[in-house]
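Two complexes come next, and they have one chain in common, chain A, joined by chain B in the first and chain C in the second.
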Partner chain A sequence: MIRTNRRSIAAIVLPALLALAPPAAAHSPDPVLSGPLWAQDQNVRFRWRAGEAPPAAMQTAIKAAAADAGATRRSRAATFTPDPAGTSWINYGLDVGCGVNGLACFNRVSAPNSFTMSFREQGHVFDWGILRWCQLTANQPDGCYDAENIALDEFGHVEILNHHVNFDDQRDYLDAVVQAYSRAKPRVGWSAHAFGRCDVASLQRKYDVALPTSKYSTCLDLSTNLSIAASATYVPYPGSVTFTARLLVTDLAEYERLGGNPVSGRTVSIQSRLPGGAWTAVATMTAGPAAGSYVYRATQLQATADWRAVFAKPAGEGIRGASSPVVTVAVSGCTKPPCPLSVEAP
Partner chain B sequence: MIAVRSCLVRLASAGRAATVVLLIATAGCAAPGASSGAPLVTGLPPSTAPAFKPSPPNPQPPVALLTVGSSGPTPGAIGSYTYLGTGSDAPWLPGTPTTVPSRGGRATIVLQPAVATAAWTVRQAQTGDTDGTTARRIAAGTGPIAFALPTGSGTIVLVVDFAAGAGSASYFWALSPG
Partner chain C sequence: MRELRWLLRAGPPIAALAAAAMLGSVALGTTRGVSGQAARTGPLGAGCAKATALVAAARAPVPVSPQAAAGEAAYAVRPRLGADGALAGQIVELGTAAATSVRLELPPESFAAGPFGRLVVVGVDDGRRSTLRAFDATRGCSWTLATESDVIRRATLDPAAGDVYEFRVDRETRADLGVWRRPLVGRAAVRVVAPLAADDRHGTTFSTELSWSADGDVLVVQSCGMTSCRTRLLMTADGGVRSVEADDQGEVIGLVDGLLIAYAACRGLPCPIQSVDVTTGERATLAAAAGLARIVATGAGPRLLHEVGGDDDRGLRLVDPVSAASASLPVDAPGWRVVATPSRAGGSERIPPGWAPLSPDGRATEPGQGTTLLRLEDGTTIELTGVTR
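Our next item is the complex of A and B:
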């Protein structure tokens, strides 16, 4: 009977889940689930399921986890807000759809309309032991599970995240909250209350970053593209030229929503060299009017030179450095006025 | 009132007949083992939400059956999984006790019902490991799950990525040489 139900559900759902997801390598961004995303910045409201609301301390922890998800997503992923009229529900107790060994579970089949989330009851007897929620156990003894941490893991799943693939020795366990092996107190990571960088990386890819100035997760390694344009490539002596550089995340399909993003608020420098000479740093470009643009006005130009913009890989961010193509600005050979009023490009 | 409702919930979810529910509700509902207790139902807030309906079953991933030589098949203890838009989170598990040939041998694992897989890995951890930090990969592949099982005891965990992005699941066995 149960098997028939499972097959029926699979027959209905599977055809809708055809997006292929290659297996993730260790230490890469979290793999993601198939299925629909929430809208960017969608505020998803949830309530306690009637008659199965968690005890007060668990409610507090779950609401804290919802806030953690919103505060640490570093992306335009959905946020979660408690609301008695919410269409999504969370329950606690015996009537949960979790696996036989599951502490908690989720169902996002109805995304982007609603989700469900369930938590096993305190004292549940598993083959592996008795469930103790730290929030419901006096003095939070070793071996208890932090409901806020577990709930944040579930909210990560609800967003779209699958379990992070760790190194064999799990030394990167703290890179993700969405983990395949939940940890009890006092194991490393048992009380993490913020998405890890590899959780964030996938949230950013799926939902985008909030602003051009937003930092990219260090679990990413995005190539960037830096262009440069000069207001003129042939100027009189002593001439002036305005250089405008544009820094973008390279537009690659695997970057999903991040591809082509303008990147603002970073340090982009401009360099010059005499033909055949070595590059010399000239200045740091200032923010331009457009997102991802940087400008520099060079004045009193007295000799023909090559120019380029350079973006050095920043520390603490998952984007690579880039150099722009070279633009040559020729300066008229006339060095003593009166020079011709107009010049022609060579 | 709350205790009776808890019983109703449990029995309804198990698909019992209404008459049984009524009998149990009037006679008192025995908790299964240590899994429930009075403190759990304190502090429930008044709710204005819609009336209770039993949960529809979430889709469950397949069972994984381990065979080593002539021993088995033994179902693995299922840990965390994601499957068809749902999922469940569990700790590192000690695994299903499984006696295997002392010399190790050729191991195969089949999924039941058969589900297409994209990739799989098998790791082995030392006996007593409670969070998998001693686990090391002993095999990985695509297609049929078959590998050489090393000698010795310990826990092995199979992680399967299902095809078509359907999810992933982990299964545990606690090996003891026979």
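Our next item is the complex of A and C:
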């Protein structure tokens, strides 16, 4: 029997060379892979590949890693849920996607529809010796690899993360789970079950943070922009003014999804000074109605003064401090001289 | 897709018919060594006794047509897992697209490489010694090539020179012992590539693979850590060794016209494919986000063939490594994947120039299961259907 179904070839000459992205500097957010992202907060469902399911203890570890990824992403990155009807699959023991090295591997060419993930079999023989998964080895001897840690690394790849670039002395190794060289027991980091801060940093850049109140990874160093507006810049004596500040992540292209984000729930103070004088803290502004807004109502104003909002760089977060421009509020119109200051209405 | 049931047509190769006559897999009933096969074929393999036949088998010409390819050597390696999920051994099947000639159940530390002409090299370590054999995959007989107390991790053949190259590690320490060469027939081995020095940038070596340049004159020795790789090139003509240590080097795909073509150090797909001029170190990106890939022979010279896109929109690109010029290549075969390099695909088969093998998952098709070939010139696919055993 001969069946023929010939298709003509539409030869398309493609552009020649595509440059690789420059390598990330040590201690930076993880580099990222090429390819499409998942949708924000997409719940990606995976199953065990038929006939190639991992042993039960490995399944438990992989499912735990999926939960770890969701719990520690600190972003709107995808989550992963086991589901027998899932379009993504994970297998064990056959590794065409893995190549010759490594303990596990992934394939995200079909993102955002599906992914695949593969784990080497217990007992796989490498040049250095025999692979032992801790979960499949009695008493978890030194030298075994933690399947939950390795699976979390792979889920990080599936998200979009590439390997973290460590300092030469590896002192920042714990900043990322997505590592070129995962560690075996008992080396530091061998059983990390949460994304590191530099993993999170790239997930935040690519997928955004969940809320304006969400903390930015300390592996980031985002500049912020603080604006201020006064309800009036000329008030009678003794007057009142409402100041509204707005704190945003500076809108820079390299910040990707984080640029322009409103930043809520932080400490923004308001300061004032008499013209030519020194700044004095007045109060901590309270949360305003809009995301990233902070308000303060100044009452009994008796003198013209400069005002500004100040956001001090917070500890434990990867955003910089900022000061707003200065707004001058003039006070005038007193009825019982001598008035403290006399100005003309604008 | 054109389906060619070649046994129903005139002209299946004689060797393939012979293989078909032998038919069936040989369940060796042992998981240690190749004793079962040895019992069947004798120490040197039935019908494979003469050394001259060994060299001739290694030099069998490349098939010129898909029909001829149906009778060419093929092999596939699959892990065999125990009830506890641990690796219990490797199953190596040898034969052609039409029939399995030998099925070997081997220990975990074993491998296969090839085909070289009609030969597939099979290495087996029983925990005390390593044994290398060359099987005539079309006939199922074998020759013993070497027995060593060191662990032979990988081996390959240079059919033109009639040499065997082995990569070895120390049995106790697993230290790299370098690459050794021995004639196919006679004489002891000599070390031709020194052990690789440790390098923290790459970490412990997970795997060292041996492959050949497109011209067959340069042995590519690539050692990979958990993620990144180092490559050394042995010029077989003069014994010179050159290192290629490009940053971010991943698994090698091929060596073409002095260009080492390799993935970046990705540990997954998609992954960029880069070329490195082994003389100048100049690098170029041949694919920004590739799936499975291999080097294919064409009338215009070797080309990089790689997947692009995912399950819903997968396509192929054919790239000239030298000029980086490329063309897209739509394929009308649902669910296909490119059969990758032998080390990644777990096997290989001999195919004619101008064609590339496809399979449902990128793994090498097991002998006797037929094969799907893609004609690079016009996108035609042909299925060589295996015989029913």
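Structural remarks
As a working rule, the second predicted complex is superposed on the first by the 312 of 346 C-alpha atoms of A that agree within 3 Å, B and C clash if a C-alpha of one lies under 4 Å from a C-alpha of the other, contacts with A are read in each partner's own complex, and residues count from 1 in each chain.
Note that in this section a contact is a pair of C-beta atoms (placed from the backbone, for glycine too) under 8 Å apart; a residue touches a chain by one contact, two chains touch by 3 or more.
This one's a predicted model, so the numbers in the text were calculated from it and none came from an experiment.
In the superposition on chain A, A:Asn113 makes contact with chain C only, while chain B stays out of contact range. In the superposed model, B is the one of chain B and chain C that contacts more residues of chain A. Once the two complexes are laid over each other on the shared chain, residue contacts for A:Asp169 go to chain B alone; chain C is not touched. Applying the stated contact rule after C-alpha superposition, one finds that A:Arg187 touches chain B and leaves chain C untouched. In the superposition on chain A, A:Trp48 makes contact with chain B only, not with chain C. Judged by the touch definition given at the top, the superposed model places A:Gly99 against both chain B and chain C. Look at A:Ala315: by the touch rule set out above, it reaches neither chain B nor chain C.
Judged by the touch definition given at the top, the superposed model places A:Trp89 against chain B, while chain C stays out of reach. On chain A, the patch touched by chain B and the patch touched by chain C overlap at residues 2-3, 5-7, 9-10, 13-14, 17-20, 23, 33-35, 55, 93-94, 96-103, 105-109, 111, 121-125, 127-128, 130, 136, 154, 157, 162-163, 180-182. Put simply, chain A touches chain B in their complex at residues 2-3, 5-7, 9-10, 13-14, 17-23, 31, 33-35, 47-53, 55-57, 59, 84, 89, 91, 93-109, 111, 116, 118, 121-125, 127-128, 130, 136, 145, 150, 153-154, 157, 162-163, 168-170, 179-184, 187. By the touch criterion stated above, chain A contacts chain C in their complex at residues 1-14, 16-20, 23, 33-35, 54-55, 58, 92-94, 96-103, 105-111, 113-114, 121-130, 136, 154, 157, 162-163, 180-182.
Residue ranges on chain B touching chain A, taken from their complex, read 5-6, 9-10, 12-13, 32-37, 39-45, 47-52, 54-61, 77-82, 84-94, 113, 118-119, 123, 130-137, 159, 161, 164-168, 170.
Only residues 1-5, 8, 78-79, 81, 84-88, 108-109, 153, 169, 174, 176, 203-209, 223-229, 247-248, 250-251, 263-270, 272, 274, 284-289, 291-292, 307, 309-312, 314, 317, 323-330, 332, 340, 343-346, 361-363, 377-380 of chain C touch chain A when the two sit together in their complex.
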